[in-house]
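A, B, C, D, E and F are the chain letters, set down in written order, and residue numbers restart from 1 in every chain.
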(Lines give C-alpha, C1' and ligand atoms only; values in the text may rest on other atoms or scores of the structure.)
Protein backbone atom coordinates (compact mmCIF):
# COMPACT_ATOMS: atom_id res chain seq x y z
CA UNK A 1 0.00 0.00 0.00
CA UNK A 2 1.51 3.36 -1.02
CA UNK A 3 2.70 5.86 1.59
CA UNK A 4 2.54 9.68 1.72
CA UNK A 5 6.23 9.60 2.72
CA UNK A 6 8.13 11.25 -0.17
CA UNK A 7 11.57 9.85 0.47
CA UNK A 8 11.97 6.10 0.07
CA UNK A 9 15.50 4.81 -0.54
CA UNK A 10 16.31 1.11 -0.91
CA UNK A 11 19.33 -0.28 0.93
CA UNK A 12 20.91 -3.11 2.88
CA UNK A 13 21.15 -3.26 6.67
CA UNK A 14 24.81 -3.03 7.69
CA UNK A 15 24.53 -3.01 11.47
CA UNK A 16 21.92 -3.21 14.22
CA UNK A 17 22.73 -1.88 17.72
CA UNK A 18 20.17 -2.64 20.43
CA UNK A 19 19.83 -0.53 23.58
CA UNK A 20 17.32 -0.97 26.42
CA UNK A 21 14.62 1.13 24.69
CA UNK A 22 16.04 2.35 21.38
CA UNK A 23 17.92 0.73 18.52
CA UNK A 24 20.24 2.20 15.90
CA UNK A 25 20.06 0.75 12.42
CA UNK A 26 22.75 1.53 9.85
CA UNK A 27 21.69 1.04 6.23
CA UNK A 28 24.00 1.05 3.22
CA UNK A 29 22.13 2.84 0.41
CA UNK A 30 24.85 2.50 -2.22
CA UNK A 31 27.11 5.09 -3.82
CA UNK A 32 29.21 5.19 -0.64
CA UNK A 33 26.28 6.62 1.35
CA UNK A 34 24.69 5.16 4.47
CA UNK A 35 21.66 6.07 6.57
CA UNK A 36 21.38 5.96 10.35
CA UNK A 37 17.93 5.32 11.81
CA UNK A 38 16.95 5.51 15.50
CA UNK A 39 13.82 3.45 16.16
CA UNK A 40 12.51 1.62 19.23
CA UNK A 41 14.11 -1.70 20.12
CA UNK A 42 10.64 -3.23 19.89
CA UNK A 43 10.33 -2.08 16.26
CA UNK A 44 13.75 -3.52 15.39
CA UNK A 45 12.81 -6.85 16.97
CA UNK A 46 9.34 -6.97 15.39
CA UNK A 47 10.98 -6.56 11.96
CA UNK A 48 13.76 -9.01 12.99
CA UNK A 49 16.24 -6.51 11.55
CA UNK A 50 19.73 -7.92 11.02
CA UNK A 51 22.78 -7.25 8.84
CA UNK A 52 22.11 -8.18 5.22
CA UNK A 53 18.37 -7.45 5.22
CA UNK A 54 17.00 -5.67 2.16
CA UNK A 55 15.06 -2.66 3.47
CA UNK A 56 13.70 0.73 2.43
CA UNK A 57 14.68 3.85 4.36
CA UNK A 58 11.75 6.26 4.78
CA UNK A 59 11.91 10.00 5.57
CA UNK A 60 8.94 12.43 5.70
CA UNK A 61 9.70 15.58 3.71
CA UNK A 62 8.98 17.88 6.68
CA UNK A 63 11.98 16.23 8.42
CA UNK A 64 14.43 17.07 5.63
CA UNK A 65 16.70 20.12 6.01
CA UNK A 66 19.00 21.84 3.52
CA UNK A 67 22.53 23.17 3.94
CA UNK A 68 23.99 25.33 1.19
CA UNK B 1 31.14 23.52 12.20
CA UNK B 2 30.14 19.84 12.51
CA UNK B 3 26.53 18.84 13.20
CA UNK B 4 25.02 16.04 15.35
CA UNK B 5 22.81 15.22 12.35
CA UNK B 6 23.89 11.73 11.20
CA UNK B 7 22.55 11.81 7.65
CA UNK B 8 24.19 14.30 5.31
CA UNK B 9 23.84 13.63 1.58
CA UNK B 10 25.26 15.95 -1.10
CA UNK B 11 23.10 16.82 -4.09
CA UNK B 12 21.93 19.39 -6.61
CA UNK B 13 18.71 21.40 -6.34
CA UNK B 14 16.36 20.35 -9.15
CA UNK B 15 13.28 22.41 -8.36
CA UNK B 16 12.03 25.00 -5.87
CA UNK B 17 8.29 25.48 -5.32
CA UNK B 18 7.27 28.45 -3.18
CA UNK B 19 3.93 28.61 -1.34
CA UNK B 20 2.68 31.37 0.95
CA UNK B 21 4.35 29.92 4.07
CA UNK B 22 6.12 26.72 3.04
CA UNK B 23 8.45 25.74 0.19
CA UNK B 24 9.20 22.37 -1.38
CA UNK B 25 12.76 21.72 -2.48
CA UNK B 26 13.58 18.77 -4.71
CA UNK B 27 17.23 17.67 -4.61
CA UNK B 28 18.87 15.20 -6.98
CA UNK B 29 21.27 13.10 -4.89
CA UNK B 30 22.58 10.94 -7.72
CA UNK B 31 22.07 7.27 -8.53
CA UNK B 32 18.56 8.05 -9.76
CA UNK B 33 17.44 9.12 -6.28
CA UNK B 34 15.99 12.46 -5.25
CA UNK B 35 15.02 14.02 -1.91
CA UNK B 36 11.98 16.17 -1.20
CA UNK B 37 12.32 18.75 1.59
CA UNK B 38 9.53 20.89 3.05
CA UNK B 39 10.95 24.01 4.70
CA UNK B 40 9.58 27.50 5.32
CA UNK B 41 9.48 29.88 2.36
CA UNK B 42 11.59 32.26 4.46
CA UNK B 43 14.31 29.61 4.79
CA UNK B 44 14.28 28.96 1.03
CA UNK B 45 14.58 32.69 0.32
CA UNK B 46 17.30 33.27 2.94
CA UNK B 47 19.41 30.56 1.29
CA UNK B 48 18.41 31.90 -2.19
CA UNK B 49 17.71 28.28 -3.18
CA UNK B 50 17.38 27.75 -6.93
CA UNK B 51 17.78 24.94 -9.46
CA UNK B 52 21.43 24.01 -9.92
CA UNK B 53 22.58 24.89 -6.39
CA UNK B 54 25.00 22.46 -4.75
CA UNK B 55 23.49 21.59 -1.36
CA UNK B 56 23.58 18.99 1.40
CA UNK B 57 20.40 17.24 2.48
CA UNK B 58 20.24 16.72 6.27
CA UNK B 59 18.08 14.23 8.18
CA UNK B 60 18.18 13.59 11.97
CA UNK B 61 18.37 9.84 12.69
CA UNK B 62 15.27 9.92 14.93
CA UNK B 63 13.30 10.94 11.78
CA UNK B 64 14.38 7.89 9.75
CA UNK B 65 12.02 4.90 9.49
CA UNK B 66 12.58 1.41 8.08
CA UNK B 67 10.35 -0.74 5.86
CA UNK B 68 11.32 -4.39 5.37
CA UNK C 1 5.88 -4.81 3.65
CA UNK C 2 5.93 -4.11 7.42
CA UNK C 3 7.08 -0.75 8.78
CA UNK C 4 9.13 0.19 11.86
CA UNK C 5 6.45 2.82 12.60
CA UNK C 6 4.77 1.71 15.88
CA UNK C 7 1.53 3.64 15.57
CA UNK C 8 -0.77 2.58 12.73
CA UNK C 9 -4.45 3.51 13.09
CA UNK C 10 -7.05 2.71 10.42
CA UNK C 11 -9.56 5.40 9.45
CA UNK C 12 -11.57 7.13 6.75
CA UNK C 13 -10.57 10.39 5.08
CA UNK C 14 -13.06 13.11 6.05
CA UNK C 15 -11.57 16.14 4.34
CA UNK C 16 -8.65 17.12 2.10
CA UNK C 17 -7.48 20.76 1.99
CA UNK C 18 -4.89 21.59 -0.68
CA UNK C 19 -2.54 24.58 -0.39
CA UNK C 20 0.21 25.61 -2.81
CA UNK C 21 2.85 23.34 -1.23
CA UNK C 22 1.19 21.56 1.71
CA UNK C 23 -2.07 19.69 2.21
CA UNK C 24 -4.09 18.99 5.35
CA UNK C 25 -5.81 15.62 5.59
CA UNK C 26 -8.44 14.98 8.26
CA UNK C 27 -9.02 11.32 9.04
CA UNK C 28 -11.89 9.92 11.14
CA UNK C 29 -10.43 7.07 13.23
CA UNK C 30 -13.66 6.14 14.98
CA UNK C 31 -14.76 6.53 18.59
CA UNK C 32 -15.34 10.23 18.01
CA UNK C 33 -11.62 10.80 17.37
CA UNK C 34 -10.02 12.29 14.26
CA UNK C 35 -6.43 12.78 13.11
CA UNK C 36 -5.00 15.79 11.29
CA UNK C 37 -2.05 15.16 8.96
CA UNK C 38 0.06 17.82 7.21
CA UNK C 39 1.79 16.35 4.16
CA UNK C 40 2.96 17.84 0.87
CA UNK C 41 0.33 18.58 -1.77
CA UNK C 42 2.32 16.31 -4.11
CA UNK C 43 1.91 13.39 -1.68
CA UNK C 44 -1.84 14.01 -1.38
CA UNK C 45 -2.17 14.09 -5.15
CA UNK C 46 0.02 11.01 -5.73
CA UNK C 47 -2.24 9.03 -3.37
CA UNK C 48 -5.35 10.69 -4.94
CA UNK C 49 -6.59 11.30 -1.40
CA UNK C 50 -10.27 12.24 -1.19
CA UNK C 51 -13.10 12.06 1.35
CA UNK C 52 -14.25 8.49 1.90
CA UNK C 53 -10.86 6.82 1.27
CA UNK C 54 -9.90 4.01 3.63
CA UNK C 55 -6.43 4.85 4.96
CA UNK C 56 -4.02 4.13 7.78
CA UNK C 57 -2.63 6.98 9.88
CA UNK C 58 1.07 6.46 10.76
CA UNK C 59 3.03 8.09 13.58
CA UNK C 60 6.65 7.33 14.58
CA UNK C 61 6.93 6.78 18.34
CA UNK C 62 9.63 9.45 18.73
CA UNK C 63 6.98 11.99 17.60
CA UNK C 64 4.49 11.07 20.33
CA UNK C 65 4.29 13.22 23.48
CA UNK C 66 2.46 12.67 26.76
CA UNK C 67 0.41 15.09 28.87
CA UNK C 68 -0.62 14.00 32.36
CA UNK D 1 -3.60 26.32 28.45
CA UNK D 2 -4.50 25.21 24.90
CA UNK D 3 -1.87 23.77 22.56
CA UNK D 4 -1.32 24.17 18.81
CA UNK D 5 -0.94 20.36 18.66
CA UNK D 6 -3.90 19.08 16.60
CA UNK D 7 -3.96 15.50 17.76
CA UNK D 8 -4.81 14.92 21.41
CA UNK D 9 -6.12 11.47 22.34
CA UNK D 10 -7.02 10.48 25.92
CA UNK D 11 -5.84 7.12 27.21
CA UNK D 12 -4.48 5.04 30.09
CA UNK D 13 -0.80 4.17 30.56
CA UNK D 14 -0.37 0.42 30.13
CA UNK D 15 3.38 0.06 30.48
CA UNK D 16 6.49 2.15 31.16
CA UNK D 17 9.92 0.86 30.09
CA UNK D 18 12.92 2.88 31.31
CA UNK D 19 16.28 2.81 29.52
CA UNK D 20 19.42 4.77 30.44
CA UNK D 21 18.39 7.87 28.43
CA UNK D 22 15.05 7.11 26.79
CA UNK D 23 11.76 5.63 27.97
CA UNK D 24 8.97 3.89 26.08
CA UNK D 25 5.43 4.55 27.21
CA UNK D 26 2.56 2.38 25.95
CA UNK D 27 -0.87 4.01 26.21
CA UNK D 28 -4.21 2.23 25.71
CA UNK D 29 -6.48 4.67 23.85
CA UNK D 30 -9.52 2.41 23.71
CA UNK D 31 -11.18 0.62 20.81
CA UNK D 32 -8.38 -1.96 20.82
CA UNK D 33 -5.80 0.68 19.84
CA UNK D 34 -2.65 1.63 21.70
CA UNK D 35 0.00 4.31 21.24
CA UNK D 36 3.74 3.94 21.73
CA UNK D 37 5.67 7.04 22.79
CA UNK D 38 9.45 7.41 23.02
CA UNK D 39 10.40 10.23 25.39
CA UNK D 40 13.42 10.89 27.58
CA UNK D 41 13.68 8.94 30.85
CA UNK D 42 13.85 12.31 32.63
CA UNK D 43 10.46 13.29 31.16
CA UNK D 44 8.92 9.97 32.24
CA UNK D 45 10.28 10.42 35.76
CA UNK D 46 9.25 14.08 36.03
CA UNK D 47 5.67 13.08 35.18
CA UNK D 48 5.98 9.99 37.48
CA UNK D 49 4.43 7.97 34.64
CA UNK D 50 3.21 4.53 35.70
CA UNK D 51 0.64 1.95 34.58
CA UNK D 52 -2.90 3.12 35.22
CA UNK D 53 -2.23 6.87 34.81
CA UNK D 54 -4.83 8.85 32.87
CA UNK D 55 -2.92 10.75 30.17
CA UNK D 56 -3.36 12.48 26.82
CA UNK D 57 -1.29 11.39 23.82
CA UNK D 58 -0.15 14.38 21.70
CA UNK D 59 1.01 14.32 18.07
CA UNK D 60 1.86 17.38 15.91
CA UNK D 61 0.11 17.19 12.53
CA UNK D 62 3.40 17.55 10.61
CA UNK D 63 4.44 14.20 12.15
CA UNK D 64 1.40 12.31 10.85
CA UNK D 65 1.74 10.20 7.67
CA UNK D 66 -0.90 8.49 5.53
CA UNK D 67 -0.91 5.02 3.96
CA UNK D 68 -3.62 4.20 1.44
CA UNK E 1 -1.48 19.61 33.06
CA UNK E 2 2.27 18.96 32.72
CA UNK E 3 3.80 17.82 29.42
CA UNK E 4 6.59 15.36 28.61
CA UNK E 5 8.03 18.05 26.30
CA UNK E 6 11.37 19.07 27.83
CA UNK E 7 11.80 22.45 26.18
CA UNK E 8 9.28 25.11 27.12
CA UNK E 9 10.31 28.73 26.55
CA UNK E 10 8.01 31.67 27.30
CA UNK E 11 7.75 34.47 24.76
CA UNK E 12 5.62 37.03 22.96
CA UNK E 13 4.15 36.55 19.47
CA UNK E 14 5.78 39.03 17.11
CA UNK E 15 4.20 38.06 13.80
CA UNK E 16 1.64 35.61 12.37
CA UNK E 17 1.72 34.72 8.66
CA UNK E 18 -1.22 32.67 7.37
CA UNK E 19 -1.00 30.50 4.23
CA UNK E 20 -3.71 28.27 2.76
CA UNK E 21 -2.80 25.27 4.93
CA UNK E 22 0.16 26.28 7.12
CA UNK E 23 0.98 29.28 9.29
CA UNK E 24 4.30 30.69 10.46
CA UNK E 25 4.45 32.12 13.96
CA UNK E 26 7.41 34.22 15.05
CA UNK E 27 7.91 34.42 18.82
CA UNK E 28 10.26 36.79 20.63
CA UNK E 29 11.78 34.82 23.53
CA UNK E 30 13.92 37.66 24.90
CA UNK E 31 17.67 38.16 24.95
CA UNK E 32 17.58 39.06 21.25
CA UNK E 33 16.42 35.55 20.32
CA UNK E 34 13.28 34.59 18.41
CA UNK E 35 11.62 31.28 17.52
CA UNK E 36 9.94 30.38 14.25
CA UNK E 37 7.12 27.82 14.41
CA UNK E 38 5.34 26.23 11.42
CA UNK E 39 1.91 24.94 12.46
CA UNK E 40 -1.36 24.43 10.58
CA UNK E 41 -3.45 27.51 9.82
CA UNK E 42 -6.30 25.81 11.70
CA UNK E 43 -4.16 25.59 14.84
CA UNK E 44 -3.20 29.28 14.56
CA UNK E 45 -6.84 30.24 14.17
CA UNK E 46 -8.08 27.99 16.98
CA UNK E 47 -5.61 29.66 19.34
CA UNK E 48 -6.47 33.09 17.82
CA UNK E 49 -2.73 33.77 17.66
CA UNK E 50 -1.84 37.42 17.06
CA UNK E 51 1.06 39.77 17.69
CA UNK E 52 1.43 40.56 21.38
CA UNK E 53 0.09 37.24 22.70
CA UNK E 54 1.95 35.72 25.63
CA UNK E 55 2.78 32.13 24.62
CA UNK E 56 5.10 29.24 25.40
CA UNK E 57 7.25 27.70 22.66
CA UNK E 58 7.45 23.89 22.95
CA UNK E 59 10.09 21.59 21.44
CA UNK E 60 10.40 17.81 21.99
CA UNK E 61 13.98 16.87 22.87
CA UNK E 62 14.23 14.32 20.03
CA UNK E 63 13.80 17.30 17.62
CA UNK E 64 16.79 19.22 19.00
CA UNK E 65 20.13 19.04 17.17
CA UNK E 66 23.60 20.25 18.17
CA UNK E 67 26.24 22.07 16.14
CA UNK E 68 29.72 22.42 17.64
CA UNK F 1 27.66 26.83 5.28
CA UNK F 2 24.20 28.24 6.13
CA UNK F 3 21.34 25.95 7.12
CA UNK F 4 17.59 26.06 6.34
CA UNK F 5 17.01 25.46 10.06
CA UNK F 6 15.32 28.65 11.38
CA UNK F 7 16.09 28.26 15.05
CA UNK F 8 19.75 28.46 16.04
CA UNK F 9 20.50 29.35 19.66
CA UNK F 10 24.06 29.56 21.04
CA UNK F 11 24.78 27.96 24.41
CA UNK F 12 27.15 26.00 26.61
CA UNK F 13 26.94 22.26 27.23
CA UNK F 14 26.07 21.66 30.89
CA UNK F 15 25.76 17.87 30.97
CA UNK F 16 26.15 14.84 28.69
CA UNK F 17 24.42 11.56 29.58
CA UNK F 18 25.33 8.55 27.46
CA UNK F 19 23.05 5.52 27.06
CA UNK F 20 23.66 2.42 24.94
CA UNK F 21 22.16 3.97 21.78
CA UNK F 22 21.02 7.49 22.67
CA UNK F 23 22.53 10.44 24.50
CA UNK F 24 20.95 13.38 26.30
CA UNK F 25 22.69 16.72 26.03
CA UNK F 26 21.70 19.60 28.30
CA UNK F 27 22.67 23.04 27.00
CA UNK F 28 22.53 26.28 28.98
CA UNK F 29 21.32 28.99 26.58
CA UNK F 30 21.44 31.85 29.07
CA UNK F 31 18.67 33.86 30.71
CA UNK F 32 17.96 30.95 33.04
CA UNK F 33 16.86 28.75 30.11
CA UNK F 34 18.29 25.38 29.09
CA UNK F 35 17.69 23.04 26.16
CA UNK F 36 17.52 19.25 26.27
CA UNK F 37 18.59 17.39 23.12
CA UNK F 38 18.24 13.65 22.48
CA UNK F 39 20.72 12.51 19.82
CA UNK F 40 22.47 9.21 19.12
CA UNK F 41 25.40 8.27 21.33
CA UNK F 42 27.49 8.04 18.14
CA UNK F 43 26.70 11.68 17.31
CA UNK F 44 27.64 12.79 20.83
CA UNK F 45 30.94 10.91 20.61
CA UNK F 46 31.75 12.11 17.09
CA UNK F 47 31.37 15.70 18.28
CA UNK F 48 33.25 14.81 21.54
CA UNK F 49 30.51 16.68 23.40
CA UNK F 50 31.39 17.49 27.03
CA UNK F 51 30.41 20.01 29.69
CA UNK F 52 31.74 23.47 28.87
CA UNK F 53 31.63 23.12 25.07
CA UNK F 54 30.35 26.13 23.13
CA UNK F 55 27.59 24.84 20.85
CA UNK F 56 24.56 25.94 18.86
CA UNK F 57 21.17 24.34 19.49
CA UNK F 58 19.23 23.78 16.23
CA UNK F 59 15.46 23.25 15.83
CA UNK F 60 13.54 22.97 12.53
CA UNK F 61 10.47 25.24 12.55
CA UNK F 62 8.09 22.36 11.75
CA UNK F 63 9.10 20.85 15.13
CA UNK F 64 8.10 23.93 17.13
CA UNK F 65 4.71 24.01 18.89
CA UNK F 66 2.86 26.83 20.61
CA UNK F 67 0.94 26.86 23.90
CA UNK F 68 -1.19 29.91 24.70
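Just so we're on the same page, a residue touches a chain if its C-beta (ideal position, glycine included) is under 8 Å from a C-beta of that chain, and two chains touch if they have at least 3 such contacts.
These numbers come from a predicted model, not from an experiment.
> State the smallest step count from subunit B to subunit D, taking one step as a move to a touching chain.
So the least number of steps between the two chains is 2.
> Go ahead and align subunit B to its copy subunit E using Cα positions, then give the rotation in degrees, nearest 5.
120
> Going by C-alpha centroids, which chain is farthest from subunit C? Tell me that one.
When every chain centre is compared against subunit C, the largest gap points to F.
> Computing the C-alpha centre of each chain, which chain sits at the greatest distance from subunit B?
Looking at centroid distances, D is the chain farthest away.
> I'd like to verify one number: the distance from the centre of subunit B to the centre of subunit C, where each centre is the average of its C-alpha atoms, in whole angstrom.
23
> Based only on mean CA positions, could you tell me how far subunit C sits from subunit F in angstrom?
30
> How many angstrom lie between the centres of subunit A and subunit B, each centre taken as the mean Cα position?
18
> Can you list the residues of subunit D that touch 2 or more other chains?
Touching at least two other chains: 1-6, 19-22, 24, 36-40, 42-43, 47, 56, 58, 60-63, 65-68.
> Going by the touch rule set out above, what shape does the chain contact graph take here: line, ring, star, complete or other?
Topology of touching chains reads as other, fitting no named class.
> On the basis of the stated criterion, which chains touch which? Give every pair.
Chain pairs that touch: A-B, A-C, A-D, A-F, B-C, B-E, B-F, C-D, C-E, D-E, D-F, E-F.
> Can you list the residues on subunit B that touch subunit A in the complex?
Those residues of subunit B that touch subunit A are 5-9, 24-25, 27, 29-31, 33, 35-39, 43, 47-49, 53-68.
> Quick one: in the complex, what on subunit D touches subunit A?
Contact set of subunit D toward subunit A: 17-24, 36, 38, 62-63, 65-68.
> Contact residues on subunit E for subunit C in the complex?
These residues of subunit E touch subunit C: 1-5, 19-22, 40, 42, 60, 62.
> Spell out the part of subunit C that touches subunit A in their complex, as residue ranges.
Residue list for subunit C touching subunit A: 1-6, 37-40, 42-44, 46-47, 56, 58, 60-62.
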